Amino acid sequence: RYGESESEDLIGIVTGLAWTEVGGDILHIESVTVPGKGHIKHTGKLGDVMQESVAAALSYVKSRAGQFGIKSALFEKKDIHVHVPEGATPKDGPSAGVAMATSIVSAMTGIPIRRDVAMTGEITLRGRVLPIGGLKEKLLAALRAGIKTVFIPKENEKDLVDVPEVVKSNLSIIPVSSADEVIGQALIRPYESLEWDDDAESVKVTDTSSQEAPLTH
Amino acid sequence: RYGESESEDLIGIVTGLAWTEVGGDILHIESVTVPGKGHIKHTGKLGDVMQESVAAALSYVKSRAGQFGIKSALFEKKDIHVHVPEGATPKDGPSAGVAMATSIVSAMTGIPIRRDVAMTGEITLRGRVLPIGGLKEKLLAALRAGIKTVFIPKENEKDLVDVPEVVKSNLSIIPVSSADEVIGQALIRPYESLEWDDDAESVKVTDTSSQEAPLTH
Amino acid sequence: RYGESESEDLIGIVTGLAWTEVGGDILHIESVTVPGKGHIKHTGKLGDVMQESVAAALSYVKSRAGQFGIKSALFEKKDIHVHVPEGATPKDGPSAGVAMATSIVSAMTGIPIRRDVAMTGEITLRGRVLPIGGLKEKLLAALRAGIKTVFIPKENEKDLVDVPEVVKSNLSIIPVSSADEVIGQALIRPYESLEWDDDAESVKVTDTSSQEAPLTH
Amino acid sequence: RYGESESEDLIGIVTGLAWTEVGGDILHIESVTVPGKGHIKHTGKLGDVMQESVAAALSYVKSRAGQFGIKSALFEKKDIHVHVPEGATPKDGPSAGVAMATSIVSAMTGIPIRRDVAMTGEITLRGRVLPIGGLKEKLLAALRAGIKTVFIPKENEKDLVDVPEVVKSNLSIIPVSSADEVIGQALIRPYESLEWDDDAESVKVTDTSSQEAPLTH
Amino acid sequence: RYGESESEDLIGIVTGLAWTEVGGDILHIESVTVPGKGHIKHTGKLGDVMQESVAAALSYVKSRAGQFGIKSALFEKKDIHVHVPEGATPKDGPSAGVAMATSIVSAMTGIPIRRDVAMTGEITLRGRVLPIGGLKEKLLAALRAGIKTVFIPKENEKDLVDVPEVVKSNLSIIPVSSADEVIGQALIRPYESLEWDDDAESVKVTDTSSQEAPLTH
Amino acid sequence: RYGESESEDLIGIVTGLAWTEVGGDILHIESVTVPGKGHIKHTGKLGDVMQESVAAALSYVKSRAGQFGIKSALFEKKDIHVHVPEGATPKDGPSAGVAMATSIVSAMTGIPIRRDVAMTGEITLRGRVLPIGGLKEKLLAALRAGIKTVFIPKENEKDLVDVPEVVKSNLSIIPVSSADEVIGQALIRPYESLEWDDDAESVKVTDTSSQEAPLTH
């Protein structure tokens, strides 16, 4: 059923967590790339703040494309479409920013995202993870949806005291302060950073798996 | 009469199903391609959600153009116009997404759509079919219009218990979870997926008829 | 006087029929081409639905340009301006669609439109003519303006029972189901379809006068 | 003083006539060309209908550029700015259309407009002059401003019975049915139509002074 | 302090005069050029009428660029940004038009504007100076700010009878009918008009200092 | 914690000071460059006045790029994204202008900004620093956040009498009248101005450290 976690690891699809008047819910965020000219499109009845979140996530990814193993030229040949189903439901807020960034990196690199992780956190252009509201409700929604691991903002760690014990013992809750940490662990395999060699005008590939080991549990 | 199913199989024209205050209705969705630069246009007094549905359907088709036998370069030389008559009637909602995708694939491939099928279902960028509302009313409208086969979202299968027996015995109702299934069966002949041959820089054609046999009944 | 039919056959000018609260009226629709890049402009205080009608009519013409004897490249070197005088009067509704298409074909081919014909009918992208409202009022307005021939949607034929006998005996009323039928008869001479010759990369001209004989009465 | 007719013949400046709640007034319409790419700009707090009037006037001029002696290529290297001072006063209505066209032809050809003429009339794309309201008030304003000659729409000729005798005996009032007539007489010297010579791919100039003798009185 | 006249002659900065509910005030108008493509930007919470004033001023300058010694090609390589501090205060009205033009000419030529002059007047595309409101309040504000010379519209000369004698005896008030007069006197040195030499395809420079001697007092 | 000063010197990140109904607050302003075409993007729910502040800051930096050691061509190959977290909080007002300029210079030069400085002041296109409101509240917020040095507008110096002694003795408060002074002292190392050598068509680098010694305390 929609509203549960995805049944297989998929490229560009990530599980965010929403907090509404009637409680928490999961939010699938989808990105695909299509041939294009570097434009971004977003659909899914996104409010102004969530639209800006997409823009911030994209600039974060673009500004450190090499780190994620994405050749900058790729952004000039591709359009990115970020969609949040269900299309008739209005969505807003900044807390899906880290999830947007993860979705875009996955779509651009072709590395699938682990289907049993979820995440919440506002993103800054430098990839800092800012705190969000509704932590308890979001974690409950994650648990209901079969999620195993949830990345939360470091600054929300203090709110965990209000989260029921059953939730904390059934979820691996990982506080993070940067989006890099999330992306490194949510992708099913490590991305390979590019290194620019000025002399040869070529690009060397560095395996980042030692630095950013994908999480196992 | 308009409001009945089309009298011959046509390229780019597909029958969607709408659900309004006064009951169900059928919705003809039309796509044509004209020489252009890859822009999309939509007309027919479409609300914001249905406009986003067109965009999602298009990105779904573009992101797997090769599978449908559409050379990506074609999107750069064509504009696509999606129109939903009757022009004075406002339309909205996400449930025509799968129909939009089917219409676009037909217009881009030149393969007509079976005139006696109808379909309803929200589409995601990855082609997943999400559930819709008003199933009973939509199926009644399909029957009235002379439709023989209706594709419905897998997740709406449970709502069939509320549908009158006469409807279920006179319609072939096919629950689907992906848009690929719909497109494979709604076109009057199989599309031919492209296969990229890295060595020869040429494209081979694979007949997909074995995998996606068009439905007969 | 304005409000009467044009006094000579003109390129790009066609007589539509409007239906307002105070009765029927005729509507002159004008198209001109100017050097440009394939853009369309519309003026005359057109409402959203009539603006979309212009777009649908244009896509209909573009998607079968060859049939009408219009080289597709011509659309890239011309802008089309569709204007509906009188500029201070708001106009709306889809029923001028067929007239828009006829006006555009005339402007693009340079073939004048018969000055004594009028027409009403919504157009689809495939050129189907959909029914309209206010048939009686529109026919009365056509008669008052000195029109001799009116094209009406096939689906409105049933509404002719409510039209006064004097109107029916003084007008040639031609029910049509496709815009092709209207355009073929409203132009003062047959258009010449293009035929693409793959071997020679040249274009052959086919006289369509046998198929679409311009109407005489 | 502003509000009187211009004190010398000027390029691109023409006197229109406005009709407001508090009576008639004259309206200076100014066009200049600047290096550009064929864009049009309009300023002066113009309402939607007057903005569309500028567009209609421009398409009229562009579509018969050769007649007015304007090489079409010129439109691609120039932007046209149409301004109606006084910038804080809202202006609207279609009746300045003919004046807009005259102003644009003057700016594009460099031929000044006679400073003692004024004009009123809606323009169609084909240059037909449609009737306007407030004829009496407009003529009174023209007289007050020192205008000698006023072009009015042919269809407003019947409204002259309501115009005071003193106005009619002090103004030369010229009813016109086409914008060509106005432009031919309002410019201080005849424009020279271009004639295209297919063989030589060159352009011949035809003096139009015999056909469209500028008015003298 | 801001709100006083600038302490040195500056390029692109000119003092306008505003008239608000609470009296007169001075308005610094700033223009800078940056590498670009001929676009104009305006900031400072400008209302619609003042935005159009910027556009009119720019077209006035562009259409006689040669006179001001500005090569037309320069407009294609530069963007112009016109800003009116203080950014939180809404500003509107046409009366800063002449000041806008002066600021743009200064920014494009690099010739500073005399810091002790102020100006008020609407501008037309041909550079005519139209009358403004609030003359007394504006002159008082100029005096308070340490201004020595104020250019006012010729048509406002009659309003000087209402201006206190102390203001008139402490300010040099110069009525003008064209923007050329203002620009010629407000720049600290004469601009050098370009003269196009058809034979040589080169540009000659004419010193205009004799015609438009910068004002001294 | 967010809401404290950054824990390390960072490129493109600067601390502004906001003044809201509930007191003062710090505002992190972030700029990053991404491959692009000279476009600017701003996010963070910025009101109209703050959006114009970004534009003014950018034009200020562009118009004196060489002074800051930024090659003009760089602006054509980069887009700049200015973001103000926290994305759900509306922000407005002109007082972050100097901070915007500092952030952009840092992002374009790659020189980090000292993490223990904050700044407030409206910016003009010529880099003048205009006064702001809420000085006391802003300085209190700076102190709470661990800031050591605050740049304030020279014209606000007089408001320091209302600031508590404890604030003034714990902060280094530096009144400035130009943005150049701020940028020179807030960057952790001096920028190197470019000098254009007309003969060699090359660029020489001038170390500006003597003129604009970065502040130490």
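Chains: A, B, C, D, E and F, in written order; residue numbering restarts at 1 for each.
The rule is short, and it goes like this: a residue touches a chain if its C-beta (ideal position, glycine included) is under 8 Å from a C-beta of that chain, and two chains touch if they have at least 3 such contacts.
Given the structure is predicted, the values throughout are model-derived calculations rather than measurements.
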- Task: Moving only to chains each one touches, count the minimum steps from subunit A until you reach subunit E.
- Result: 2
- Item | Interface sides of subunit D and subunit E: same vs different residues, half threshold | different
- Item | Chain at maximum distance from subunit A, centres defined as averaged CA atoms | D
- Working from the CA atoms, figure out how many degrees subunit E turns to land on subunit F, in steps of 5. 60
- Using CA atom averages as chain centres, what separation in Å is found between subunit B and subunit F? 53
- Task: Could you put a whole-Å number on the gap between the CA centroids of subunit B and subunit C?
- Result: 30
- Report, in whole Å, the distance between the mean C-alpha point of subunit A and the mean C-alpha point of subunit D. 61
- Would you pick out the residues of subunit C that each touch at least 2 other chains? none
- Determine the shape of the graph in which chains are vertices and touching pairs are edges (line, ring, star, complete, other). ring
- Message: Considering only the defined contacts, which subunit E positions touch subunit F in the complex?
- Response: 1-2, 10, 12-13, 28, 30-36, 41, 43-45, 81, 83, 85-88
- Query: Which residues, counting only subunit E, touch subunit D once they are in their complex?
  - Reply: 38, 48-49, 52-53, 55-56, 59-60, 62-63, 72, 75-76, 93-94, 97, 122, 124-126, 128, 130-131, 155
